[in-house]
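Order as written gives the chain letters A, B, C and D; numbering starts at 1 within each chain.
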Amino acid sequence: MTGVPVRPIAKVLVANRGEIAIRVIEACAARGIATVAVYSEADATAAHVRAADEAVLIGPAAANESYLVTARVLDAARRTGADAIHPGYGFLSENAEFAEAVSAAGMTWIGPDAFAIRAMGTKIAARERMMAAGVPVVPGTHAAGQDLDALAAAAAEVGFPLLVKASAGGGGKGMRAVHGEAELRPALEAARREALGAFGDGALYLERLLLKPRHIEVQVFGDRHGNVVHFGERECSIQRRHQKVVEEAPSPGVDAALRARMGAAAVAAAKAVDYVGAGTVEFMLDASGEFFFLEMNTRLQVEHPVTEAVYGVDLVGLQLAVAMGAPLPMTQADIAPRGHAIEVRLYAEDPAKGFLPATGTLLRYRPSRAPGIRHDGGYIEGDAVAVHYDPMLAKLIAWGEDRQHAIGRLVRALDDWEVHGVITNLPFLLAVARHPEYRAGNLHTGFIPEHFPDGLPEPIPGEDALIAAALADAMGLGAGAGAPTGAERGAGGDPSAPWHLLGPWRGCA
Amino acid sequence: MTGVPVRPIAKVLVANRGEIAIRVIEACAARGIATVAVYSEADATAAHVRAADEAVLIGPAAANESYLVTARVLDAARRTGADAIHPGYGFLSENAEFAEAVSAAGMTWIGPDAFAIRAMGTKIAARERMMAAGVPVVPGTHAAGQDLDALAAAAAEVGFPLLVKASAGGGGKGMRAVHGEAELRPALEAARREALGAFGDGALYLERLLLKPRHIEVQVFGDRHGNVVHFGERECSIQRRHQKVVEEAPSPGVDAALRARMGAAAVAAAKAVDYVGAGTVEFMLDASGEFFFLEMNTRLQVEHPVTEAVYGVDLVGLQLAVAMGAPLPMTQADIAPRGHAIEVRLYAEDPAKGFLPATGTLLRYRPSRAPGIRHDGGYIEGDAVAVHYDPMLAKLIAWGEDRQHAIGRLVRALDDWEVHGVITNLPFLLAVARHPEYRAGNLHTGFIPEHFPDGLPEPIPGEDALIAAALADAMGLGAGAGAPTGAERGAGGDPSAPWHLLGPWRGCA
Amino acid sequence: MSRTVQVGDEAVALAARASARPGEYTVSLGERHLHVTVRVAGDGSLLVTRDDGRTFAASVSRDGTALWITAGGGTARVREAVGGRGGGSSADGGGLEAPMPGKVLRITCAPGEAVTKGQTLVIVEAMKMEHAVKAPRDGVVAEVRCKEGVLVGTGEPLIVLTEPDLPDHPSPVVAKEPTP
Amino acid sequence: MSRTVQVGDEAVALAARASARPGEYTVSLGERHLHVTVRVAGDGSLLVTRDDGRTFAASVSRDGTALWITAGGGTARVREAVGGRGGGSSADGGGLEAPMPGKVLRITCAPGEAVTKGQTLVIVEAMKMEHAVKAPRDGVVAEVRCKEGVLVGTGEPLIVLTEPDLPDHPSPVVAKEPTP
């Protein structure tokens, strides 16, 4: 349109593993684009290798000797004749040097320009750039002076409640929450004493205190023709130590008017760095309805499927189109949400033991296939889950006509999901989905520590499970043992034969 | 709203089997409604039995001794305390007596009233009722007189091209296609001679000849408050002997203006019989853009998922809501299509042998899990496919941002679908999806006979398949044989052990 | 271990021999020999790397006489070569076998009856579909080998027909696949 | 065949005995006895009908010491009762075993070193997560049983700590589950 050259993409190397590599491979395959997987020695038979047209071994299990080695990834792309590289998320996806190296090698980088990656890569610089662009950031100030009167004046500017922090500080030392004018002076004095004692520096910093904030992020998309649109928000407040666990779109705390305001702020943020491709602007939304820039993720987000479900868009397909130089095929006016979607992340971790990672072999792995359920997974039944990579095994996304319908479908799908052989957070996901405060939409970033301070104890086997256990032993069922599976019976036995009636002649093998 | 009593539903008996029973069970489960399955002796371990909360054996394998026996189904509902019955499609779904018996037993019938079922049950009566309601039917006429002049005048009314048929006739005898005025008289004379010779009755009937018609059907929905809406059209032209094989929404032959006209006609048809619940009005659409009523199916349709995908609605959920007495939650203005969806039906039949039914055991059965793919199936890996019921094993639905994207996703998903042990039409579905005329949207009811007059020969194994066959024998792979599956390895082996490297010590078991 | 399979009109002998190096095999497809490296995935499927570096995924199942193989998009049945039995399609037998698994719905002929080519002898039903088994030629019904209401498998003999002039030499049709 | 399993704080003995009628079993859960009818589905899962007519579906997998069972919504691990071994949680051992499978990232103590309660001795990393193994009490490092960069399994001993006043009586922590 504006002289941007069209660069067709015929073969994409996917510089990632697991579910996101498969997601990208499927998007390419549906468009007739060939795919190249890369894999470490630990992933020689991984699902993403099986899904791609070609696969290249790039090193040993450790990611910093394989998936993170730019030279090996680039070499694999060269050897297979790939003309573009998709980085997925994590690994090299926000590595500006890698983005530059891909372009320098004459290949198309499916992502934003290195400039935008760098601009958003440092939090403090990004914060200042956003302030300049008029995007709200958490109000805070270094007072002009450090005497109590100057700090009190600064406090009036920031507003209450606020947080007094030690400028030199960290670890909670010298920190005080102040909920009103009356508490201010004693808090400032106490904080100064602590700060002096801990850091030898009594300088204080004031920042607005967000009460039960929601983590709300906005999906933005830019093309090479200067257009930027947004696809509404995702709520990701259900997190544990900054690791998201449950995400949804739209947010139960955002209405159409707020969506428009946050969307406009996110588009302004993206335009401030000439953003191209898929990006996410993260905000904190406080209980009063004010929102503040947190950071921008310059890549596809793990939780992008909830946006896809609600907005009827294929974000990876859009990444490919924009990377080829095409203008966005829609304007903001064309973009509207429909229904509600929730994503949960299945982690190989033990909610009964502080969420420590777990490993094993997926002896049985059967996700739901019900309508409205999407499963983006990196493993299939029989695969081993090892210690080398992220503990996220899969994402399950439930779409419904409204939030309650989506929750209903989600609960049913979680109930049906059979995962044997590896301890996961599946019971924890169910407990969250069934929690009355979750159903009511009362979400904030402290949801898990507030409602699940001790994680979740290991499920105690119920009576039905014990009956099944007793039968399984008596009948020799379970892996490798005597049960006649369909496969073992062979094809075409007498269709009326009572295979479902097992007598003692089959038991106790 | 208008005094319709609300009748909550707490437990639904699903009077069906296979994929549609599972579909209904999942819809109930997502809404917290308990479910009862019924099953024949042949279905003792079928997937729909496993999906339901309870299950009742209702007779031997033959459907007319089990699924079709109204007394047994009603008895199962009574015994389990079900307060509603969902009939699915086929079996008892269009049985007006059954609908009445369900209501008489004090249970809620999830479907239209018996009156509507009966009104649409006889083709000729339905045709006349539709004419009275102003719904277009295939123009045709018994001429006032049978002399050639009277017939010629009638022909002018019907329009060309037309079909001359023997009133007493059948089997093509006395039938003549006439493409213009000039051909008319000779055709009338020839037809009369044939009719007299074949049936001893020379009376002739004239009907518009539809050229390469499309089979277009409109999804309608009514509530007990007098509201009826439509959810656009589905195109089902790809059929073989009136058995649909591929369906899609929207139709590539229908634009917004035509959609509005056909939708209005369908709504008029439904209103003419006070229709409540989900129904489908089938039309033939000819090459000139005229459409004509064919019949109305007074139940959920097999191909309803393409409408769900494009309109973002859960039609089974809507059936439940309407059956409980709720008004439709949307008006026609709220209803708009988004993207494109295609459904294919996987049949256990052999395209190389006249599509004869096939049976066997599903030694391996792995449908795609890619984004945008929905799989509604009645069987899982290990299940036996027997001779008793419909040969449809599953439906696969691909949604895409536009028709080409949907086709791309469909082709990929068909390519990935592993079905071993039972011969199916899978290669045929792929051949259709890849056919240039299909891709171009040039669909009509003669598509399969025109492009696949001889079905499709059995696929010849390619070189890769032969290599795999040789290796499988040498390594003892395949069902029941030596390959160490994940399950057999057991959990937690050394994660770095080279299980992927099989040496001779594992081969030739 | 070796197997001769049908590939279109040809019979091809397949074999594979493990090399000394783990996971490496020499595969023979008739006269052609290839070197491949094999990895077995957790679900028993294969990843096969060919000489040219190309890798393909394959899954294999096994029933009586065939392997079902999905490899690189698409599934094929790899069947034992019919060899000396000469193609063995049911056309030879004259259509007197069950054309599909199903239930014998009706028998419309009786032993000793003279029948004409094209006459319906038996109606078999499966999966809501009826199929008429017709006389492939004029002849006399020597034997009815099925009963109404009974399930039969593909290829099971239903009727034995003799030549009208050779009543002493029945030509029974032998079941090739006695599976239902 | 019988198995004693852990159900919350209790040990329950499980057994099932086939009856003369096919598919029927008597199941014992401790002192309770139930009669059930069992159907096995094509994928090896069970459909179990209880005395009261209620049927539930269940799937079972088996690994070293546990059965993994999905029954009626939700999966549970059914494990051998710990019995005489007295619960055996790693809290007893004092946290000197690997708390999870992973790689030893850093060893921050040396043999002979006196350490204080809460001091980090080893850092283990798995799945992008670091975990510090800390001294459960004051003591002296008697032995370092791991190496940096090496993979360890849950429960593998990492450090042997002695009481500061009893250097001759080391208290090694024994691996309970030597799986990685």
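Methods note: a contact is a pair of C-beta atoms (placed from the backbone, for glycine too) under 8 Å apart; a residue touches a chain by one contact, two chains touch by 3 or more.
These numbers come from a predicted model, not from an experiment.
Among the chains here, which has the CA centroid at the largest distance from chain A's centroid?
C
Applying the document's contact definition, name the chain pair with more C-beta pairs in contact, A-D or B-D.
Most contacts of the two pairs: A-D.
Can you compute the centre-to-centre distance for chain B and chain D, using the mean CA position of each chain? Integer Å is fine.
Comparing mean C-alpha positions, chain D is 50 Å from chain B.
Centroid of chain B to centroid of chain C, CA atoms only: how many Å?
Chain centres of chain B and chain C, defined by C-alpha means, are spaced 30 Å apart.
Which residue numbers or ranges of chain B touch two or more of the other chains?
If we look for residues of chain B contacting two or more partner chains, we find 44-45, 359-364, 381-384, 386-388, 421, 479-480, 485-487, 490-493, 495-496, 499-500.
Going through chain D residue by residue, note those that touch at least 2 other chains and give them in order.
39-44, 47, 61, 63, 101, 151, 179-180
Considering the complex alone, what residue numbers of chain D touch chain A?
For this pair, the touching residues of chain D are 1-3, 5, 7-8, 12, 14-23, 25, 27-29, 34, 36, 38-44, 46-48, 50, 56, 58-63, 67-78, 99-103, 126-129, 131, 151, 179-180.
Per the contact definition, I'd like the list of chain B residues that touch chain A in the complex.
That would be residues 23, 26-27, 29-32, 42, 44-45, 61, 305, 308, 312-314, 317, 338-339, 359-364, 367, 369-372, 374-377, 381-384, 386-388, 400-401, 405, 408-409, 411-412, 421-422, 479-480, 485-493, 495-496, 499-500 of chain B.
Under the stated contact criterion, what part of chain A meets chain D in this complex?
Interface residues on chain A, with respect to chain D: 348-349, 353, 356-361, 363-364, 366, 387-391, 415-416, 418-421, 423, 426-427, 430, 458-475, 477-481, 483-486, 498-504, 507-508.
Once bound in the complex, which stretches of chain C touch chain A?
Going through chain C, the ones touching chain A are 39-45, 47, 54-55, 57, 61, 63-64, 101, 151, 153, 177, 179-180.
Going by the contact rule at the top, pick out the chain B residues touching chain D in the complex.
That would be residues 44-45, 49-50, 54-55, 361-362, 380-384, 487, 490-496 of chain B.
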